[in-house]
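Okay, so subunit A shows up in both of these, paired with subunit B first and subunit C after.
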Partner chain A sequence: MSTTTLIGFGGRLALRVPYRAALVSLGLTFAIIGVLTWSLMTGSYPLDSTQVWATLFGNSPSDTASTVVWEFRFPRTLVALLVGAFLALSGAALQYVTRNPLADPSLVGVSQGAALVVVSVTILAPGMGSYLRPILAFGGSLAVAALILLASSSRRGGDTLRFILMGIGVAALISSFTSALLTYGDIDRAMSALGWLAGSVHSVGWDEVRWLSVTAFFVIPAFMAAARPLSAIRFGEDVATGLGIRVRMARWGLIILAVALAATAVAAVGALGFVGLVAPHLARRLAHSGVGMHLVLTGLTGALLVGLADFAGRAAFAPIQIPAGLVTAIIGVPVFVALILRTQARSQL
Partner chain B sequence: MKTLVWATATLFAVTSSALAQDTRTVTDDLGNVVEIPVTPQRIVVSRSDCLATPLIELGAPLIGAGSMQDDRFNNGKPFIRGATALYGTQFDADLVDIGFINQPDPEIIAALEPDLILIAAWAADNYDQLSAIAPTYAAACFDPPLKEWLATLADLVGMTAEHDRLMASYTFKLANTRAVFADRIGDPADVSVVFADPFDEGIYVADDYGTFTVVADDLGLSRITATDLGMLTDNGNLSFELVEELDADFIFSSHQSFFGQPPSHQMEVWRSNVPGFDDLLHAPRNNQLVIVDRSLVRAFAVDGLNTMLAVLTSQIAERDFVPLAE
Partner chain C sequence: MNATRTICAATGFWLCLGGVVLAFLWHVSVGAKAIPLGTVWQAITAPQDGVFDHVVVRDLRMPRAIFALSVGAALSVAGALMQGVTRNPLAEPGILGLMAGATFAVIIGIGWFGLAGTAYVPLFAAIGALIGAVLVWTIASAAPGGATPLTLILSGAAVGGFLYAVESAAILLNEDTFRNFRVWLSGSLAGRDMATYLWALPWFIGGLIAALLIAHQITALAMGEETAAGLGVDTFKIKVAALGAVVVLTAAAVSVAGPLGFVGLVIPHLVRLFVGSDYRLIVPFSAIVGAGYVTLVDIAARVVLAPIEISTGIVTTMLGAPMFIWLVRVKL
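Now for the complex of A and B:
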């Protein structure tokens, strides 16, 4: 495998880049730009590409066109891309840390915690206002994640299997409360909550873009810096310790980063599942690489996946808006299965 | 020449005042202070039941509404919950489908260029987007009593006079119906009624069951409520084991035509969930279990009140029935 190595921060950050991975990441970047452009050009409001470009450069044909492009299409697409990257990175980190290929943000209760709080407010206190949803969802995500982390750590330190089992148990308990509220709550309010639970970017704006961008600015560099301990941890605790990694600290630090990314994403758009699970696997199958480059590819894959899902959900059956969470599953599952089957077939040959 | 200048100036002034809409400031149910037109000319609403249906009844200038869709109703085409069942209203070029009631498409709304947008307060996460298009009012339209909400909505769209005219017709019919009840029954409070819908989880009973509640209370019937049954909230599912607490002169229950469920389906739901209910309870034992369309019960319209008034009159006062023994 031909590679080159990028070194930064006085050698503290080193990224080994196989050429194929570099080409794939370049391709993904172009694909993301394509999705962004396509999303800006397409929608229920009739605007041709010339009018969209004119609007972007300050010569909008009408106030309504300006609103549609700047207030609806642009922030929505940016949020979809950022959220996709966040969830994908969160899933990748959790898969490395737990050494479990099925790990994703729902394992640490992020989605379930947010869902419980949002459904509770929607059904029991509908007058509180939808604009509080992101804050409440963020709080719920962190609270449940903290509960799982605390419950799964012992005096002897955290144990991966214990962490996974505790996560599954607590998440199931939280989900049962949510199901009870949806079952017994007012049907119309439950339907409103279900739209959010399905993961939808239909109502986001520039506030969410700003919020996600600030998080990205602080958390994603930390993720990249974590590539080195992650590389060691994936070979097991003993090997990592032998390589001088403070395993316990690194593991919990990475879990907290993963929770922060996922909680921010869920708070912005709702419980958008499946991306955290599937994007790291898709990225790995697109190009083999080291941990750092794999994280880059995973982030780009997640962004592309959710960006495409949102575009398809908004344009395919307009005016019906299909939540991006449903579309990620519809697009992602067949692709995921096909890639696994293709890999199996190759290995059998 | 001077006359021509004056005439032109006068025409300009008159035209300008007609084009510039008068506005007023209101506070919506989420606390947003909104400046809305006194008499809006292009209204878009997200909810089809509590917003679109009463506006259609009023004859308000509604140009877009949220939809529902189900293969079993309206030939699978998008429909306006309430208005399609009550009036046969369909989406067309003059009334545009803006998408699902809880997730409308903002670009379609923008293209309609409304001057007032009304949305449900519990599904207002797109409030900022919609406010960028036109003044947007978030209404907790399920919370106030039905008659109060209809009056509030009429005031919001500047059609109070039309609302008053519709309510006057209901009040007139109510007075006549009271005379029928007095003639046939005497004191309506002697007749007990309950609205109950069985589901897999239990028998749903509520303090407020739309037009049924309004008309039953207006007539002075004795209505069994969720509160009477000791439920913690104003609605809930009564355990099947406590079904006898629903014993009343009349039990009303609903079928959902827009889910393709005819009255026979609702009778089957009763039988499967409460075997032997027609021997156990007085009302079904004496053919006094009445199944009505839920679209009528949940109709946010004066027309719904008038129809429910006719149903209760024909089922209770205009026929013989077997009273529940004390």
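Now for the complex of A and C:
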């Protein structure tokens, strides 16, 4: 394999760097910067790339350009990128932990749990500060995840697939409660909640960027530390136990991390479907690598996907905006179908 | 069937029918202004033009109750047929993509082809339901392992999610055309006119008759294809007939009430608990019990949060999804 090993700290730290994966991640980073520039340029007040970069570095050509970029386009694009990375990582973690290639936060009800809580808060207690939203959303998603895991575990085994079916059922149930709340609530608030539910990035601001960054600061390092237990759990619980991993604790820890990421993302922009499903698989296609590198690639791919989806939804039928969530679903379902066609043989019911 | 069983079945049938009639009358009497059952009965049997309550009953409440009855019967029978033919306890028009297809086709037919005439709605719904069913079935059988309950549900979820996304985008792009369809999309019996129903009525009747005619062979099919073939059933012909009946029934239900999830899942299972596995009994009982169920659900949807009304589809999902979860846990 085309890898090289960096050894530091007197042999205590050895880092294997796969060339291809490193190159791919570099390429992805450039692509993300490209999408960022592109989406800062496009809109009802077009700018060119030099103006955009000048504005970002503080010497803006005009006050209008500064307002457009700093107040509207930049926070929105940042949120899209962060949310993409969050959902992708969450999906990857769920897929590793449940050893199920079809796991995705929006498919198994985790996103819907967060959505239900956020909609309830928006409708029943509209005065509540927006900083509480991600925390409450986390509570809701965690409850749903625990419910699904407990309901799908059984002595007969084979619970990874039951997990998905259970998730589909729970997701339908929770969505129906959300819809009922929407009919019950005041029409203006319901309409704002409805736009949010479709997975729309267009009303976000610096608040969302702030709490997404705070979450990223705490959760992403934990994720990277989890790369080792993840790579062991991949081979099954017995092997992982044999390798000295406390499987139970690692599993629940990772699920909590995955749920935290998905819940924060949903609290910011609503349910963006299928990103957590598509990004990990795409990342694996781009470059084979160990778990750690795969997580990095997954995060970058997710950011790129949602950044592009938001851009496409904004530009394709301007001035009408298609929520990014619809774009990701339209892209994601064919991938989902391809996965159904490929993966059943290994995991018969 | 021996004599005792026939008597039992007949008694049960008439009891259920009586229950449905009661549910129907209750449905009509409940509302913003409670109308006593006596007046309801009078309005149905001997209507007088001048009496306000009679007009309310005949023009506003009764149509809705009739919609509820028909839709419930159609969806439950469709679910029963699907469960029998695919031998999949989790089969249902909503889960296996038929409803998504029908809804999608109606939305596209109205948005792109500007079909204002209600006559075409059932036809479009039927084409959509057929496409949805074929798509889900093709994906599931192409998967390694074939069309197991699991692959069917997953491909149903995939097709449903995709159509929903495209549909939402189409609605966003043309909000004016679709303003009236917002409520319909969540599965509601409110505000539909009699004209739509009359266009769908032949579809309801045709589908139900077809279902009753093939019920006997479905019993054989439910025991397995080899068994059915051994009993002299032309399995391919019956499957096609069943698919046709399911598509027609789903299309009729969707064009009247929009997507009502999980009705076709709950009722056949409930019925099977009492009448066993003979589809000659399951089909008619599903029709009756399903009609009563949706009528009761619609009462709940109107009463629980009165004066606000919840969409009927939301309530059927709230009641049906736990059943789905339970079935996954027990049967898979």
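We take it that the second predicted complex is superposed on the first by the 228 of 349 C-alpha atoms of A that agree within 3 Å, B and C clash if a C-alpha of one lies under 4 Å from a C-alpha of the other, contacts with A are read in each partner's own complex, and residues count from 1 in each chain.
In the analysis below, a contact is a pair of C-beta atoms (placed from the backbone, for glycine too) under 8 Å apart; a residue touches a chain by one contact, two chains touch by 3 or more.
Fair warning: this is a prediction, and the values are worked out from it, not measured in the lab.
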item	value
Touching partner for A:Tyr45 - first (subunit B), second (subunit C), both, neither	first
Partner chain in contact with A:Leu107 - subunit B first, subunit C second, else both or neither	second
Partner chain(s) touched by A:Ile320 [first = subunit B, second = subunit C, both, neither]	both
Touching partner for A:Leu165 - first (subunit B), second (subunit C), both, neither	second
Which of subunit B and subunit C A:Ala151 touches, first, second, both or neither	second
Touched partner set for A:Val333, first subunit B, second subunit C, both or neither	second
Contacts of A:Thr183 with subunit B and subunit C, given as first, second, both or neither	both
On subunit A, the residue positions that both subunit B and subunit C contact, one per complex	183-184, 320-321, 323
Residues of subunit A that touch subunit B when the two form their complex	43-46, 64, 67-68, 71-73, 122, 126-127, 129-131, 133, 183-184, 186, 188-189, 191-192, 195-196, 200, 202-203, 205, 207, 314, 318-321, 323
Subunit B residues touching subunit A - in the complex, by the definition given at the top	29-31, 69, 97-100, 102-108, 110-111, 113, 120-129, 132-133, 140, 142-143, 201, 235-237
Residues of subunit C touching subunit A in the complex	90, 139-140, 142-145, 148-151, 153-155, 157-159, 161-162, 164-166, 168-169, 172-173, 186, 261-262, 305, 308-311, 314-315, 317-318, 321-322, 324-325, 328-329, 332
Residues of subunit A that touch subunit C when the two form their complex	102, 107, 151-152, 154, 161-162, 164-166, 168-170, 172-173, 175-177, 179-180, 183-184, 198, 273-274, 317, 320-323, 325-326, 329-330, 332-334, 336-337, 340-342, 344-345, 348-349
